[in-house]
Every structure is written in C-alpha cells, then in structure tokens.
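Two complexes follow with subunit A in common, the first pairing it with subunit B and the second with subunit C.
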Partner chain A sequence: MSQPLLEFRDVSVHYRARAADTTAEEIHAVRGVSLSLAAGEKLGLAGESGCGKSTLAMSVLRLLPKSARLEGEILLDGEDISTMSWGRLRAVRWAAGSVVFQGAMNALNPVHRIGDQIAEPIRLHGSLGSSPSTSAVDRRVAELLEQVELPVERARAYPHELSGGQKQRVMIAMALACEPKLIIADEPTTALDVVVQAQVLDLMTRLVEERGIGLVMISHDLAVLASTCERLAVMYQGELVEQGESAAVIARPEHAHTKALAAAFPTVGDPVYRYAPATSSPLGLPEAPSTSDDEPAEPLLRTEDLRVTFGGTHAVAGVDLSVAPGEIVALVGQSGSGKTTLARAVLGLQRPTSGSVYFEGERVPRSASGLKAYRRQVQLVLQDPTSALNPRHSVYEAVAEGLRIHKVPGDEREHVAAALEAAELRPADRYMSVLPHELSGGQRQRVVIAGALALEPRLLVADEPVASLDASVRGEILALLLRLRARLGLAALVITHDLGLAWNIADRVAVMFRGELVEVGAVDSVLRSPSHSYTQSLLDALPSASVLGR
Partner chain B sequence: MADIPATTEPAAEAFGGRRARGGGQSTVRYLATKLGGGAISLALVAVLGFFLFRAMPGNPVRSVIEGRGSASYEEIKRIKAEWKMDEPLWTQFVDYMGDLLRGDLGTSIKYRAPVAELIGERFWWTILLTGTALLLAVALGLLLGSRAAWRHGSRFDRWSTGTALVLWSVPTFWLGLIMLVVFSVGLDLFPTAGMTTPGGVSGGWFAELLDVLHHLALPAITMTAVIYAQYLMVMRSSLLEEMNADYLTTARAKGLRDNLVRRRHAVPNALLPTITIIFLHMGLVVSGAVTVEKVFSWQGLGLLTYEAIGVPDYPLLQGTLIVLAAAVIVMNLLADVIYRFVDPRVRSA
Partner chain C sequence: MTTNQSPRNSPRAVAWTRRRAALGKVWREFAANKSGLFGLAALVVIVLVAVTVPLWLDREVLSVTRATGEILAPPAGDFWLGTDHAGRSVLALTLWGARISLLVGISAAILSVAIGTIVGMLSAHFRGWTAAVLMRVTDFFLVLPALVLAIVLSTMLERGVGTIILAIGVTSWPSTARLVRAQTLTIETRPYIERAHALGGGHMHVLSKHVLPAVLPLVLANTTLAVGSAIISESTLAFLGLGDASTVSWGGMLKSALDTGAVTAGAWWYLLPPGFAIVLIVLAFTLCGRALETVLNPNLRER
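Take a look at the complex of A and B:
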C-alpha cells in the first residue's frame, strides 16, 4: 500500500471558551494525535464523551464549529484537508469521505422526504453526470435503498415515519450515495437496541467491505467496535492513549482507561462480572447474595394479569411479575416490547386496562389519593438525569421536593443530607446549593437517586438508569444500587435493554417480548441457558470481541 | 431507548401504515373542531361587544343633537325611539342578536346608512393597505431575520435587529407624521392624505392604479416599518434554535454551500413556528391600522372605527368589531391548516 487513505499528523484542536466569565481560555479538545488508516481498513475510535473522539472525526471534513482551531495535518487521499480552499473542501466533502451520523437522532432533516435527502449529494457532486435526469437520480436512490434493505417506496417517507433502525439505514444509504473512499460513522448505533444494532452493524460492515471503503467508527462501546473493526484506537482527554489490533486491545488493555472501558461492558456469562459492575469506588462491592432457591413468603410487589391496551395495540398483554423484598429484578427487552409501559403501570402513572398491582399483599388503589401513599414506597429513577432534573432547582430543592409533597415529618435539611449521603454525594453540604448543570452526568443521576431515597422507599423502579451515562460512570451507579440493596434492603425493578446490566447486578431477569413475559428466572440460569428463542436472539445480538477472535 | 416508539422493523412499518390511513379522517375532524371553536368565539365577541360599547362613556343621542344646535325634549324622545334606546337593555340585546342572525348589522347612527354597506365600502381599502404592509413586513422580516440569525453576533445582526427594534418602539402616529413632514411636505414626493387624487386622474385605469399606489406608498411603508420587527425577531430566534441541529451538520458534510444549507435546510424548519405567529399577527394587524389610517386619512375600517368611537355609534362599532374578530379567527384557522400542510410531522400525527 503506497499511501494511507487517511492520515492524522500531530493533529490538535482547540476550542475558544465562549463563556464571558472565563478569560479567553482555550479548551484543548484534541492533543497531538497521529493516526492512519489504510484504504479499505476499519478502525474503531473509542473513548468517553468529551474525550475528543468526535472532534477528531469531524475534523476530517473540517466540520468543526467556528470556535475551533485546527493544528497539524490531516491527509485524505494524500491531500491536506486543513489547508484546502473552501471550494475544494466542498467538493471533497461526501464525494471523497462521507459521514454516518446518529440517524436515529436528529441528523435527518425532518421536513424533507428521505429520498430527496439521499438524492441531494448525488445531484450536488454530479456522481451521475453534471445534470442527471430525475429518473436517473430516482433509480440511483432506489438502488441505494435496496442496498440497505429498505423498501423502495420508503423514499417518499419523512424521517419521523421511520424507526430508529430504518433511519440509520437511510443514513448509510446516504453515505454510500457518492461512492466515497472513506466513511466516518459517529456513534452509528448508540440509540438503537441490541437486535437492531446488530442488524445495522452487520449491514454497514458488509457494504463497506464489499466496496473496499475505509471506515472510521466512533463509539463509547468497546465491544461494538471490537466486533466490527480490525483496529482500535482509544482516546482519553484529547490524547490517543492506546491503539492496536482489536482482539489484542480488548484482551490485554495496557492503559488504565482502556481497562476501565473494557470492564464497563461485561461479558454476559462470565462469572468475573457477576454482581461486580466496574467500580473504582473505595466503598467496594457488597458480598454477592447467597443463592437460596426458597421463595420468600410474600413478594414486595406483584402484578396479576396486568394489561395495558392502546387502541388496538396490547402494550402489556397479561403480565405476572413479582419483586421480593431486597431483590433486584431486571426487566429486559427491545424498545417497543412494552417494558416501559409496564413500569408506568406498576407506578400508577398509566392506568391498566385490566389486572392489578399488589404491594405488600395489598391491592394498589387507582385513586390519586390512594396512590400517593403507595408512591412514597415506590420511587422512580429515569433514564436521562439531565432532563429529569429541573435546571433551575438546586440539588437541595430537587431532593426536598418529594419530602414536601409527602409532608415528611422531621427536619427537612437533615433528610436531604441523609439522602445525599445515601446516594454517596459526600460531603452532602457541598452539593446542596449546586445547580444541575454544574454537575457531571453521574453526579446528576446520583441526585435523582437521592431524590428517590429521601422518601425511604422500599422499591426503586429504574428505567434505563445508566443508558445515558458514560462507561466509567455506569459501573459506579450500578455499584451504588448494589450497596443500597445491601445496606437498606432496597429492592429494585430495573428496566433495561442491556443484558450486561442484568448480569452485573440483577438477581432475577424477566424477558419481555411483545407485551408478554416470555421468560422469568434467576439471572445465572436464564442468561446462561435461555429456554425461549427470543432470549437466545437477544444474547446472540450482543456484540462480542471473542467472536472476532475465533 | 425507552423513548423510541418503535419495535422491530416490520412492526414499525405496520404502525406507520395505520397512522397514515387514520390521517385523512382526523383532518376532517380536526377542521370541524377548529371551525366550531371559531364560530363560538365569534358569537362571544358579538355578545361582549354589545355590552362593552354600551359601558363606554359618551351618549350617541347627544352627539346627534349637537350637530343640530338645540333640541326639545320631544325631539330627544323621538331620536331615542328611532334608535330603540328607550327600550330596556335586554330587549335591545335580543333584537340585536336576532338581526345579527339574519345577517343584518343594523344602521349607523352617524352615517344613517346600513352598517354592512359602510363596512363593505371600506373593507377592501383596509385590506389593500394592511395587505401590502404585511407582505412587505413579512418578506423583510423573514429575510433579515434569517440572515441575522445565520451570522448572529455579527455587525449585520446587531444593526438589523437594532434598527427593527427602534422602529417597533416608535409610536405609529409619530412615525407617520415624520414621514408626512419629510416626504410629502418637505420633499413633495407623495400626497399628504387620501387614497386617490380628488377629482380623479385622466389616462384610464393604469393612471388610476398608479395614483392609488402613489397614495398607498407612505402609509404602507410606515406600517411596514413599525411591524416588521416582530417577524424579524421571531424568525431570528426560531432559526437560532435550529442552528445547532444535527441535520445542518449533515447538510454541511454533504458539501453544500453555506447559503444552500441555510435556504434549503435551516430556513424551512425555522419557518414552522413562525407561521403561527405570522398569521396570528395578520388578524391583529387589520385592526391595528387605526392609527395609520387616521394619520394618512386613509378611508379604511380603522378610520371608520375611529370615527364611530367618537359618537359612539353602537351599531357601527359592533359591526367593525365583528369583522375584525372574524379576521383574527379566520387567520388563526388558516395558520393551523397551513401548519398541518407544511409540517409533515403534524400532518400524520
């Protein structure tokens, strides 16, 4: 190979801090990164949010915001991007290198039909001649849609009419439109659930390989990268800390950060990770609970033939689920399987169509006043702590709100302090007057948990509690849940699409598929030897580096 | 994960299909609801107007008599009887509502002519003035607003928003007078008042058209200058919100020129919230022309209302109020319908 397809030579990116209160401070987002990619090669770029991986990737097409300053050389096919004229740069964009953004999010224009959005670069870069006929462009769009296995009629659809996976396929079709030599995929499957993620990854890898396109794939998930890419590069605080063969990096990580990333996504079935989420907290992990098979006399929470129907859709179709005192139950399933609706029904936020919920043997009332007492016992932790917290309320206010609603007797400040301590925000006094935006993602989630703990509930219902958090924080929050269970006897119903999470902390797992529980049992038995084919397909969809190693 | 309302791929397909089929039926229902709501609002306005104007200070009988020097007790009685003002308020109200249902707006006290006829004469002149001013203001506001947002913080942004806000804060009558002083009295470029040259112009319909446009220029420009700021500000803030949207990065990555990114991708999205506000204002602007029409003696609805208040001419005031309220309601309805048409997300929801 004469010259690499893409080469970073000592690339640095600075951002001018725009805040008025800081003095012309610069944020050093990327620090002297040198990296190269051969034609047709697949490289995974890993790291946590804020490590500079997206900045580095966006610098390839000079898509950085105006406040960014780029240093060093970026050679794409031998041409230096950083000194290119705007005209030349526009010609290179998409034609030489294209991007697969997080299509599931907002990367597609909501008011244009997807066919038009795919056709746009084809017309712009004249890949079908300088002024192609409408029918020629339509044919090309149809061809591209076929390649990503979408029905051709979908060209007339708007983005909101597509599912997350379909949108991601559209993004891939769009990226292939001008037959580029390089595709940069920025977190291409992050918002998708396991099964769809596996399909999309499969498709993208196949298309890229068939065409000999070079791929730079960015993700926070080492397992996803390792299952797709031959080489891995790990970034930490703007620097490239480790790179090498995927299998080698995963198996023998050298840098401490790589180790943390690798540990954050446990291998399901590996006893090393059982009841052991990755944590560096000095508080350590509690003893794994003794595995006794005798059922407790009375479950804390029990649903009986619970059904929720929307129109003609059975979101929850007759579910019997129980959570014992001090037990952690993971409710797993794909998005759309009805697991969130089930959680809402359990909490009394969604009126069930039929069936009932029993708490400590008593039927949960449906009236607002009756629910109030019940809700004190059962608290909710949401997925995204950033939107779950009111940005204008201090931590103290956020935690004290529940206390006020339920008119909890005693000193409010003491209760708040105790709750913050319990959520391991120490010293509690330091956090009370802080506003959410001054906290990190993990700290925010702890505030949400503290808000729930303030009412001394018996059960936490946590909806994807770590899905929006960084890999290294994920383990800390999971470890906190385990410690809370050990110390306070707190039971938890954790809703997740993440089987690794279930393996990390749960005692029992309930697998939900199309509104029904298809399999319920101890984590060790269900995830090691699933009896239902759906559970098996979920397990099969898990990306694993070991597959690559074989 | 939980916020993505999709299951496996084929299931999502079925879901999308059913939604699309339900779309047509819901549009009819949606329109019927909106129309019903509009009719109720209009009825309430009619009721409110009746009592509101009678609570106003002033006595129409005195205004009528003042024009004639003195009047005897009998004559006052006769005038009161003529306008049915000697009857109890509720009988007057029932009569008024009855007439209204038959489409009769009554007879003007001041002009002694049917209110419907008076409004009919003036209506199109007001539409001409406010319509022109609105088109100019919307075009100017959206253009400047989108450019200001695109280069926000730049000198262009500061100057264009600054100028617009200053003009918006200026009282309309004051700006109108300044325009008159400078361009009519001082430079003698435009006529000072009216809608046509008294006595008419010779030279056929084209000359007449030019004459009207000549008269229209100053009031329309005055009105535009005062109102375009709101469209500029709405467009600016709406586009600023879209500025960091991911699909703009996609568009840039495709290699589109900056101008095309703005025109083809950012502006259509930013226009969506603007539409509601534009149409809402359109309805209001019809009534807001009162000051401009007074300053430039533009014989429109605004001036008619202004003159009716002085009397107060109850039937005429009630008539203009209903027309103005109807304008606001119709424009609102139009905004909802257009929004459904331009935003694919609302269309299928």
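Take a look at the complex of A and C:
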C-alpha cells in the first residue's frame, strides 16, 4: 500500500485546566491514538461526548485551543502537522484538508450571503489563480452549489433563509471548494432530522466517492457511521478501544463500550429491542407489559380537534389524540411538524386556538387557578436537562419547587427523598445539596424527572427526553420511564423524532406531519407495516447498519 | 458535593453555605480590580466620617450666629480650609455636608432602582397591554428632562430632604427599568422558566424564585452607579436653591458661595472643598459600581 493520506502516530492531547482552579490539573483528552487513513477511504470515528473524538479530529489541522498540548505525530500526506510553519499550515488548511463543522446554523456567518462564504476559501487559497476574476469565482460557486444539489440562485441567500439541511449542504460545498484530499466531518447530521439526515449523508458519500476524497466522519451514532463508512474506530475516554470493518464492528463488537453504543440505537422492527432499551443493569420490570389493543373506556387524556395557529400557520391542525392510564404513547414527527406545540397545548402552556383537552373525562380549564390543579396531574420533562434546571438552585430546591408551589402537606424532605429515590438517584441524601453543574447529563435528567414525580402525577409529557443525552445514558432514562410505568402506573406522552425510541418503549405511536396526525396505532403494526407514505419515508430514512451487518 | 458531611444538614443551611461561598468568590474577583478597591476604600472613609461626625464635631460649628472666625478668611491655623461668609469653618461645613449628600444620594438611588426593577420585571414578564402601558410610561419618563421635572416637583411639594429624595427617585428610574427588562427577557426564555410554569408556578413564583435572584446582581451594581448620579442631582437641586435651606449640603455651600460673592472676592477655599468632595464621592461610587458590574454582569465578564 502506498503512503496513507492521514496517519496518527501515538497521538496524545492534554488540556491545561483553567487557571481559576487552584490545582493546575491536566486533562488527558486523547491517549496514545494510532490510526491511518488511505486516500479515498472513509473512516467513522465513534464515541460519546467527551471521549476525545472531536479533539483528535481538530488536531489534524491544528485547530485546537491554546491550552492544548499535542504529543506524537500527525502526518497529513506524509508531512508532520506539528512541525509545519504557520504559513505552510495556512496553505494546508482547507486546500489539503477541510472541515464540515458541527451545527451548520452556527458555523455560517449570518451577515454574509452564502455565495460569498463559499467563495471565501477560493479567494484565500487562490485555487483559481492569485487574483481570480469575479466571474470565475462565481462560476466555481455555481458549480459547487450544483454539486450539493442546491439551486444556483441560492448563492444570494443569507443563512437564515435556508433550512438546516440546506445549510449543511452549504457547509459541504465550502469544504469541497478547494478540492481537498481529506474532509473531516464533525457530527455533520446531529442537528438534522431523519429524512434530511439521510439526504445529506447520501450526498456526502457520493461526492466523496466520486472525487476519491478521504473522509473522517465523527458521530455518536454508530448506525449513521456504519451506513457511510467502510471502517469504524471507537473511542472511549481518550483511547481507541476498537477499530475494524464497519460490518464486523457492528455485528461482533468486542469492547463493552462498543456494545453499548451499538445497542443504544435499536433496529426498528427487531423484537429484541421491543420494550428493551439498552441498559447496563437488568431492566427489572415486574412483568412483560401487556399490549392489549382494546381501548379502555376512559382515556386519561384526550384532545379533541385541537388547533393552534400562529399568525397564518397552523402548527397544530385539528388533532385528536388520547393516552390511556399507564400507557406510553410516542408522538413522532420531523422538526417543524408541530409536535412540541401540541405538547405545550396539552400542558396548558400554549392556549389552543380552538378545540379542547380532556383529562379523565373533564375539560381542562383555561383559567390560571384551574390549570394549577391540573398541573399536579400532568408533568413535563424537557429536552435539555442542563437548561431545564435553574443553575442557582440545588437539587433539593429543584425537586421541592413543585411541592412548595402546591403546598403539599407532609414533610417536604421526605417527599423530596422519595422523589429522588423514584428517579433512581440513590442515596437521595447525597444528591440533595448538589448544584446541577456538578451532575452528569443523565443525572440532571433524573433530577428533572424527580421534580415531576414529587407531585405524584398521572401523566408525564416528555419532550425529546433523551435527545441531548449520550448513548449509554439514553437507555437508562428510557428504562426508568418503563419502570415508572410498571411501578406507579404512570402514563407518558413521549415526543420524539427518533423512531427507535418509539420502538424501545412505546405502546402506541402517533405520527405527526404538518400539524396533523397521519397515522395512529400500536407500535408493532405501525412501524412494521406503515399505511401512510410519510411514516414509510421516515422508516426508509433510518440509517440501517443491519443491512451492512447481515 | 462538598457540603454534605452530615446527612441531616438542612437544605436552608446548605443554601446559605453556598451563598457565602459565592459571596467570597465575588469579593475575590472584586479585590482583583484595583480601581474598584480604591473606590471602596474612599467610600469607607467618607461613610465613616459622615456617620461619626456628630461624635467629634459639635453641631454648634454650623450656627451662623455663633460663628467664631473672621468673614471669608483664607486657610490658616485654626481654620484649615478658611471660613465662609458668616465666619464658619469651611472644613466643618464640608464634613457635615457629607451626611446629607450620602443620605439623599443613597435613598434616592434605592428608590429609583426599586421602581426601575419592579417596572422592568413586570413589563418583561407580562406581555400584552400591561407591558405596553408600562413601557410607554417608561418611555415618557425617559424623554422627559429629569432635571426640569425634579425642579418642578421640588417647587410644588413641601421643602425638605424627603422632597428632594422623591424628586430624584421618580425621575431617574427609566434606565434601570430598561436594563432589568432586557435581563428579565433573557432569563424568561430559559427552559427552567417553562418547567416552573409546568409545575404549576404562578407569576409570583416565577418572578420571585427565578427572575429576581437572577437580576439582583445586575440591580446591585446599578444601584451603586445610581448613587453617584443621585448625589450630583442633589447638589444641582441644592445649588439651584431648591434644597432645604436649614441643612448644610455641598450644593447648598456652592450656592451660598455664589450668592455671597465669594467667587468675585477670590475666596477659592469656599468653592473648592465642596466641589472636590462631590467629585470624590461620585468617583468613588462610580469606580465601585463599575468594578461590581464587571464582576456581576455576565455580559461584561466575557470581554
């Protein structure tokens, strides 16, 4: 084999902790990683947040912050990055290797037209001669836009005029602008929903293959990586724990962490994952939940022709949805389908334009005092636990907040301890005085759940409860929801864009499209044999690692 | 997880320990700011003098009829800063004048910041017509020349310290209201406010438990700055003859210096001490306030 395009030789990266800390501690972000990538090869780099995968990738173009210290050698096309002069490094950046950054919404400058932003690297690197004419640059930009399947007129658009998927395409066009040999894509599809994700992945794979560009793709989602890359490398706590052919890694993961990652993204339709989110401990469900199809006489929550209109747009356009006692219903849809608005209307946080919500057969009032009583019964779990907790309030205060609002009788401390216990934060005493920033993401989400449980509600409305959590924590939180249902008879309306989640825990699934429910039914039947074309397209868009694995 | 040696530590005690720790951190950052520290030192001295002056300087020295010195005598042995038109010691007048300046400055600033905070929080929290009305009232006060309004108020109302405080307080709150409103709007977009609503919390709960603690640091820094400008307003009003004639204040001293021809007589010792006193105290409050602002205002800290 000829010389590899990119080679890591025993690379380690240390971060100096901030000076505010009294002890000058060093954080070992990457520990002795050796990897190589041949020209035109596609490598997937997987791992949880904080495992060092982004640090490793950014070190290729020396894009690390000043506090980072690099050891070992990184050879890009045979040249050692760490010994390059500043001028040489500038030339190499973008011309030899470019980056598709995470979160296209923030990586584009909001005050420049996208055509100018794509043209920026072309002008800087003089790939069309030292001072290319405007028309030559424009031609090149148009060519690039065409390649990423965007209409050429969009060059005059500003980033805010584009959708998330279009912005990501612009980012890809920028990465291709100087015809690099290597592209590093850092979580290129994380913020996109399934359908768009599939399109963007498709496009990127095709462009890279056509040009023989080497691709390093970073993601926490093994399925995404497996569907695009030939080889996979899994990182855990800064170390490379496993690498090999994608299919082999997925089918026969050797390291425990790889297994956890692989299991966290269930295969929809595979009965193994039904009511079985990936956990490290036994699920501990008392019995297999009965999946009776007969509707109970009295649903716990029912909406009737619920409509919410903002200006001229119908966010929720006549929804009839019901949740039975002890039932978990998944509300699935793309971003912008109105599912969050529906949840807020159910909770009384958003006043519906028309229609009504019934709880235990009674119409939910719209007055403030009437809603207060209703809110003891129905509780909300938000997407991002970090921002859902007041950073100034300790865990105790966060959990006791609802108790104080409703002036719940009895010993407050006992209630809080019981709620923390129910959310499996044990021992409860240890967590009470802790501030949210001292906890991990999963623990924070448990605190939010405990705060909801303290009021002993009948129904939890969870808006993307695991979307901002790591793969291994995800399963634990989902398992907690299942256990709460089994122990307390707690019903849940889970809003998600993730069909795998629905397959993991839900009894019924409601598919939402443009403000309307297009399909409602038992999970097994809807996800196995969808009747609506939209459900089918959602299922088709799922990255299927299993196809490769079998 | 440092403060849980005993499991029965009451949550209140835990909260207080944390607040003490936070306060210590603020102090350490404040102490790193040299100009802020200088302002604080000057303030401590001024406040100590103002509070203790009756203990070591008899009120008698302010009496026009029992004045002991010559009229408009330059600084000399007995009278370090000379005497005024009635033969009183300018030093004694300046020291006693600090009391009224501080009293009016601090009370007026607290009054104005209190009004501003309440109006700002309410106009950000309640959307719709409440906010519209409150903001229009704020705008009205913002465009009104504050000094003219204060003059009108203090001529119409009964003369006295209370009137001056009221006149300054009700004219200087709009900028605080704007600041607090902006901060409240930022806080209210946080998901934990939504969570508090979903838990069943009403307006009072959200405002007192989540919004107020978050805007309080900003308000504190703002108050310190507002004291400086309130002291200037007080001096201005007193200089224009709208103050209480029976009390000694720096603005009042400047006015009587002008009225009695001290300026034409070249009696600089009558003019400079109150003038420098005003400059010093306003500078001290401003330095302190700016330093507090950089420590407490999250937007400024990034820079």
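Criterion: the second predicted complex is superposed on the first by the 536 of 550 C-alpha atoms of A that agree within 3 Å, B and C clash if a C-alpha of one lies under 4 Å from a C-alpha of the other, contacts with A are read in each partner's own complex, and residues count from 1 in each chain.
Throughout what follows, a contact is a pair of C-beta atoms (placed from the backbone, for glycine too) under 8 Å apart; a residue touches a chain by one contact, two chains touch by 3 or more.
Just so it is clear, the model here is predicted, and its values are computed rather than measured.
A.B. asks: What does the overlay on subunit A give for subunit B and subunit C, a clash or a fit?
C.D. replies: By the criteria stated at the top, subunit C and subunit B clash after superposition.
A.B. asks: Which partner does A:Val520 reach: the first (subunit B), the second (subunit C), both, or neither?
C.D. replies: Once the two structures are laid over each other on A, A:Val520 reaches no partner at all.
A.B. asks: Look at A:Leu435 in the shared chain and tell me whether it touches subunit B only, subunit C only, both, or neither; answer first, second, both or neither.
C.D. replies: Touch status of A:Leu435: second partner only.
A.B. asks: Counting touched residues of subunit A, say whether subunit B or subunit C comes out ahead.
C.D. replies: Counted on subunit A, the partner with more touching residues turns out to be B.
A.B. asks: When the two structures are overlaid on chain A, which partner does A:Lys372 contact: first (subunit B), second (subunit C), both, or neither?
C.D. replies: In the superposition, A:Lys372 touches subunit C alone.
A.B. asks: Looking at the overlay, what does A:Leu389 touch: subunit B (first), subunit C (second), both, or neither?
C.D. replies: Once the two structures are laid over each other on A, A:Leu389 reaches subunit C alone.
A.B. asks: Could you say whether A:Ile495 touches subunit B, subunit C, both of them, or neither, answering first, second, both or neither?
C.D. replies: In the superposition, A:Ile495 contacts subunit B only.
A.B. asks: Between subunit B and subunit C, whom does A:Ala107 touch in the aligned arrangement: first, second, both, or neither?
C.D. replies: A:Ala107 sits against subunit B, while subunit C stays out of touch.
A.B. asks: Given the superposition on chain A, at which of 44-52, 98-106, 206-214 or 296-304 does subunit B overlap subunit C?
C.D. replies: 44-52
A.B. asks: Pick out the shared contact residues on subunit A: the ones touching subunit B in one complex and subunit C in the other.
C.D. replies: On subunit A, the residues that contact subunit B in one structure and subunit C in the other are 383.
A.B. asks: Quick one: in the complex, what on subunit A touches subunit C?
C.D. replies: Residues of subunit A touching subunit C: 347, 349, 368, 371-372, 375-376, 379-380, 382-384, 387-390, 392, 394, 396-397, 400-402, 405-406, 413, 429-430, 432-435, 438, 448, 451-452, 455.
A.B. asks: Please give the residue numbers of subunit B that touch subunit A in the complex, ascending.
C.D. replies: Listed in rising order, the residues are 1-9, 11-12, 16, 19-20, 245-247, 249-257, 265, 268-269, 272, 342-345, 348.
A.B. asks: Okay, in this complex, where on subunit A does subunit B touch?
C.D. replies: Those in contact with subunit B are residues 58, 61, 63, 89-95, 98-99, 101-102, 104-112, 120-121, 124-125, 157-158, 160-166, 174, 191, 193, 195-196, 199, 334-337, 339-340, 383, 463-464, 467, 495, 497, 514.
A.B. asks: Please output the residues of subunit C touching subunit A within their complex, sorted ascending.
C.D. replies: 1, 3-4, 7, 9, 11, 14-15, 18, 190-192, 194-202, 205, 209-210, 213-214
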